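Both complexes below contain chain A, partnered by chain B and then by chain C.
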Partner chain A sequence: MVSAKFEVYRFDPAKDAAPHYDQYSLEMAAHTPVLTALLRIRSEVDPSLTLRYSCRSAICGSCAMQVNSKSRLACETQVGPEMERNGRIVVEPMRNQAVLRDLVVDQEPFWRQYDKIQPHLILDPRHPMPEGKENPMTPAQVERFHETPRCIACAACFSACPAVEADPGFPGPMALAKLYRFVVDPRDQAHQARLLAIQPGGLWTCLRCHLCTEACPKDVRPSERIRDLKEMAIRVQGATENGSRHAVGFKENIRERGVLSEAKLVRQTSGIAGMVGQLGQGVRIYRKKPEILKSPHPIEGLDEVRKIYAALDHPEGDPP
Partner chain B sequence: MQRHEVVVVGAGLAGQRAALAAIQAGRDVAVVSKLHPLRSHSGAAQGGINAALGKEDSVDTHIYDTVKGSDYLGDQDAIEFFCREAGPTVVEMEHFGTIFSRGDDGSLARRAFGGAGFPRTIYAADRTGLALLQGLWERLGTERFTLYEEWDLTDLVVRDGRVHGIIAFDRKGGDFEEIAAKSVVLATGPFGRVYGRTTNAHSCTGDGVAVAYAAGAYLKDMEFVQFHPTALLESGILITEGARGEGGILKNAAGERFMSRYAPHVLDLASRDVVSRAIVTEVAEGRGFDGPFGKYVHLELMHLGKEKVMSRLQEIVDYCRNFAGIDPVTEPIPVYPGQHYMMGGIGTDIRGATNIRGLFAAGEGACVSIHGANRLGGNSLLETLVFGKEAGIAAAAHAETAPKPEMHSADLDAVVAPLRAWSNRKDGEDPTALREEMQTTMDRYVGIYRNEADLLEGLKRIRAIKARFPNVHVVDQSHVYNLNLTDALEVGHMLELAETIVVGAYARTESRGAHARTDYPKRDDARWMRHTLAQKTPQGPSLSYSPVTYTRWEPKERVY
Partner chain C sequence: MKMAYYPGCVAQESGKELDMATRWVCRNLGIELVEFPNFSCCGSGFIDEANEVLNVALNARNLAIAERAGLDLLTICSTCQGMLSLANLRYTDPKVKARVDGALKPIGIEYRGTTKVKHLLQVLVQDVGLPAIKAKVRRPLQGLKVGAFYGCHLLRPADELNWESAEEPHSFEDLLAALGATPVYYRGRVMCCGFPIQFVKPETASRIAGHQIDDAKAHGADAMATPCPLCHISLDAYQNQAAKAVGHSLDMPVFHLPQVVGLALGASPEELGLPRHLVPTEAALGKIGTRAPA
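And then the complex of A and B:
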């Protein structure tokens, strides 16, 4: 048994000017889920505590919230380890979505991004589905979905994502993982159009921080699928955005000398016109670090680097 | 007031499929749900969906297995239709975008399930419900309809034997609203939460079943409740039959593999009702374990080895670690049977029609009946889709010719006035306490083994709780997301349904399928080969009976 100390975010727009935290102390087994503890608070202490929940077994995606600052499902977060780690259990609503009441957030921005990626099979009427039969799909084709079919749309990733916070137009990890699921679906007939639409549509806003993958309770690994989308987008379209030009430029830059030529990378990413816009910043960097304009010497073992590039350029079993 | 031609309540697989069918028939459709559709309990289904697609299999074998599984209480015309629709239904879901597991040749993979003559259960890993729910929601998302999300169903408006619409509580907006409709499809799922030990989600409170009952619809075969043998002790979370399929064994406190006494041939893989009864018997005779969360037996996977457990039963490992704090690779899993599935529900015909004009129902909350006294694994997902579609088509057809619904402001006032009183009183009954008492009562007196004395006691207690319900007190005074009000609405619904279960079980003096009476241990076809129909009266449910429909299969003793 542990004495669990909860600090729970409370806000009722009908009567509160600002949110506050209520404290509760309860005795419970160490493996008790935070959700069970919150439901005990509702039935034993305060029935007005408001949260979303349903299945209590990590499959419906209702009870995502922040527990000790991490976005996760309350139903599969145990009280004991949280007490050990933090000495108390701070329960707050998810981030990047407005609070409606207590732990309930307005998921409209999350679903809007989901809708925007056209989350359904797009078919070409010239290639109808087989009449009365399933489309064949090899186990290898099923593998290409990776873990994306496990997504329960709990929005923990959306809550954890700093790019969503910085840019409300960014689709967010869940929508992009869902987009990936359609891009690799052999039944979908708009792969190219989806990839053409997404590169200027915010794909490169992803910071590659992997917080989404850390937050995901179902191991969907959205950041890895976003990486795959970036590769596929460059392949069908070339590098059209600062983000993709930066990625491609980085690769070509290092190929040359085995070490980064920073000044050149700026040109590769932003182009000459873009560099003009960044002139002030460039001058400031030059004053502190004048060697930045010099091309670095090729490194020793450049042959090894070139071998790596050769392997990368002709991988066995091309990725999607 | 909102107006639509067809209102579908519930957005799990049955509700979504009904909505799609009604939209495709050209009707203006609204979907009302207390959860976002992707959070529906359909998504929790693990095992698979049956369709006789294998070369060696046949629709007739599927029909026979279902008839036999039902202990001859299923209507055979409905079962024949159901099994014929299985193949096209699964293929359609594949075309909608569902990601199924595949065989090496690229066809839909199939696995063996209890009570089936051939491997005919199509699956998507151990998350088939989620895969279907995603595929259908993606397809439905391409259509135009109105979604009322996080609305609680409070009432049906029925006048002159005809539906005129529904009344629901908008959690976010904080108010009761009327939605007028020519046709209403109820697809609100089961009511497993009348029990405390259940694999069902918290939201499975039978709201649609209860409002239909209140409006005069017949509830059919409510006494037939399926218990799953291996629910995780404390939480009741389902540990799939696959755990025993992979070689897991059940042991009592003496370390005996007790299933050898109950089913010497198939042992731990006997049918669900047999294994559940065996566990209850072991515990009742003092051979169970005892702990702070009640008595139990062990499900052991340790002998299978870490590699097998981790690769084949990954979800189970997660459940045990995250919800019970144990590691099934090195420790036994404490299990005890838990309520799992409701065979009974709103009585419908094959088209989803009820005894009220304009009212249709589908899914686990409805009873056609195809499952009869006992459902086979893999048939419930199929039922949601086959009969969801039928109900949607029938609701659309009815709406095409039905007169304009008439809703009066008095309808809303009549429903809302008592609910307002719940919030306005200073003191009264706590809805969560009433719920807990109801659940304890159902667990104790209306469980796997039943007898006259227990059922009478259970009925007395349920009625006593029900009598306290009108004095329920909603403490939370906020209008925004008032879950305290939802608690009260739900327990009010469940108390009515619990009563119909007990009354039906008391009256049925035989043992059939999941209904096991120790005082009447034999199936009695001469007296009881008939469906129970419960209709609401001020004194409680009034029972009548209707015949079972037969086509080709004569009743036989059910042995596996």
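And then the complex of A and C:
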């Protein structure tokens, strides 16, 4: 048994001017799920505590919330380890979504981003499926997206994502991982259109910080699928966005000397006009760090690096 | 202790003060740095986005260079640490290995997959050890509240890095405490600095940096410290942009990891390259009774 100390976020916009935290202490077995503890608080102490849940078995994705600052499913997070980690259990609603009441958030922005990626197979009417037949896939084809169907849309990744926090227009990890699933599905016939549509303001805002992959309770690994999408987008469309220009520019930059030429990279990404816009900042940094304008010496063994590029970097290479 | 020194691009260029401080600290802690002028860039995550296999192959070449010399690799950048660790992991996939070997073998490079990649933070905490560092402290950072800022790729993905808890790391804070400073715990310490999109979506990047600096400040930090020169660019060189993005001044001095160690071990601000910072470090140095850099 542990003496679990809870600090639970409370906010009722109809009554409260600002959120506050209520404290509860309960004796319980260390393996008790946080969700079970919250339901005990609701039935034994405060019936007004509001939360969203359903299956209690980490299948429905309803009970995602912040437990000690991490986005988690409350039903599969145990009280004991959280007490050990933090000495108390702070329970808060998920981030990046407005609080409706207590631990319940407005999921509308999350689902809106999901809808935008058209989360269904798109078929080309000119190539209909053969009548009366299934559309079989080989095991190798399924293997390419075996992780993403595990997603239960709990929005833990959306809550953990710093890009969503800073830019509400960013689709977020779950929508992009789902997009990946359709882009590599051999039955879908809109692969290219999907990759073209997601790029402006979408794909390249991902920071590859991997906070989504850490938060995901189902190991969907959204950040790695977003990486795959980026490489595929470059293959389909070339370097047309700031983000793809930066990635391709970086790759070309290193081919030249083996090490980075910083000023040249800014030019490769932003173009001359963009460089002019950043002139003030550039001068500020140059005063303290004049190296930014110097081209570094090429590394020894640059010919080896160039041969590796020659062997592996051709635009029509195998898809990732 | 002898290690293959992998400084990374930025520490040899605009972040030269990180290289200066690393050399000072390693000299004073008995870590011999063996240099390899044939190391290439780790790809910084960008080459991985453009061409995954190419990125693994370039880093397998770097790892093979250290392997041939029989040395573990020392990184001083969270992103270098992440990319080289990633290459080690992806190289265990037979399909990736076949393509990488296909590019390396014809140029006479063989990688057996044995090179360990360690960041300076890990070496200081796990190999040198906190008691040994504590014994060399000549200028305890007493009264200085420091918010450690880890940098994503030193911690995540957890199964790739696997040397410290990705969710609740404590190495950096333990080290700061051993140096006499007061570590500040805040949510942003394991968050992203925004750097990867600094040139892609500058305003979004700066807002992200601003959020983390604000968070450190709200928890009482006098200064921040980072083991990653890319985070340092976002948090220090672009702090004025971050302040603009969040709409108020930030005034947060940001140290590189070996700079805080060097300060405690008695190095002068000049030896550690502190005058090269964009945000002045005077206020923080004043708290530990050190004169401001010239």
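Everything that follows uses one rule, which is that the second predicted complex is superposed on the first by the 305 of 320 C-alpha atoms of A that agree within 3 Å, B and C clash if a C-alpha of one lies under 4 Å from a C-alpha of the other, contacts with A are read in each partner's own complex, and residues count from 1 in each chain.
Here is the rule we go by: contacts are C-beta pairs under 8 Å (C-beta built on N, C-alpha and C of every residue); 3 or more make two chains touch, one makes a residue touch a chain.
Values in this document were obtained by computation on a predicted structure and should not be read as measured data.
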item	value
Superposed partners chain B and chain C on chain A - clash or fit	fit
Touched partner set for A:K288, first chain B, second chain C, both or neither	second
Vertex chain A, arms to chain B and chain C (CA centres, degrees, nearest 10)	140
Which superposed partner A:R221 touches (first chain B, second chain C, both, neither)	second
Which of chain B and chain C A:A197 touches, first, second, both or neither	neither
Touching partner for A:P149 - first (chain B), second (chain C), both, neither	first
Contacts of A:L26 with chain B and chain C, given as first, second, both or neither	neither
Contacts of A:V90 with chain B and chain C, given as first, second, both or neither	neither
Least C-alpha distance (whole Å) that remains between chain C and chain B when both complexes are overlaid	17
Chain A residues within the chain B interface of the complex	12-15, 29-31, 33, 36, 42-43, 47-48, 50-51, 53-62, 75-76, 78, 80, 100-102, 104, 107, 111, 115, 119-121, 129, 132-139, 141-142, 145, 149-150, 152-153, 181, 185, 187
Complex contacts: residues of chain B adjacent to chain A	35-36, 38-41, 43-44, 88, 90-91, 94-97, 99-108, 124-125, 127, 130-131, 134, 138-139, 141-142, 172, 201-203, 235, 237-238, 292, 318-319, 322-325, 430, 432-433, 436, 475-484, 487
Residue numbers on chain A that touch chain C, as the complex places them	69-70, 85, 162-163, 165-167, 170, 204-205, 207-211, 213-214, 221, 223-224, 227, 230-231, 234, 241-244, 246-248, 250-251, 254, 258-260, 262, 265-266, 269-270, 281, 284-285, 288-289, 291-292, 294, 296, 299-301, 304-305, 307-309, 311-313, 317, 320
Residues of chain C that touch chain A when the two form their complex	9-10, 12-16, 37-41, 43-54, 57-58, 61, 99-100, 102-104, 106-107, 109, 152-153, 156-158, 166-168, 187, 191-192, 194, 196-197, 199-201, 204, 207-208, 211, 237-238, 240-241, 275-278
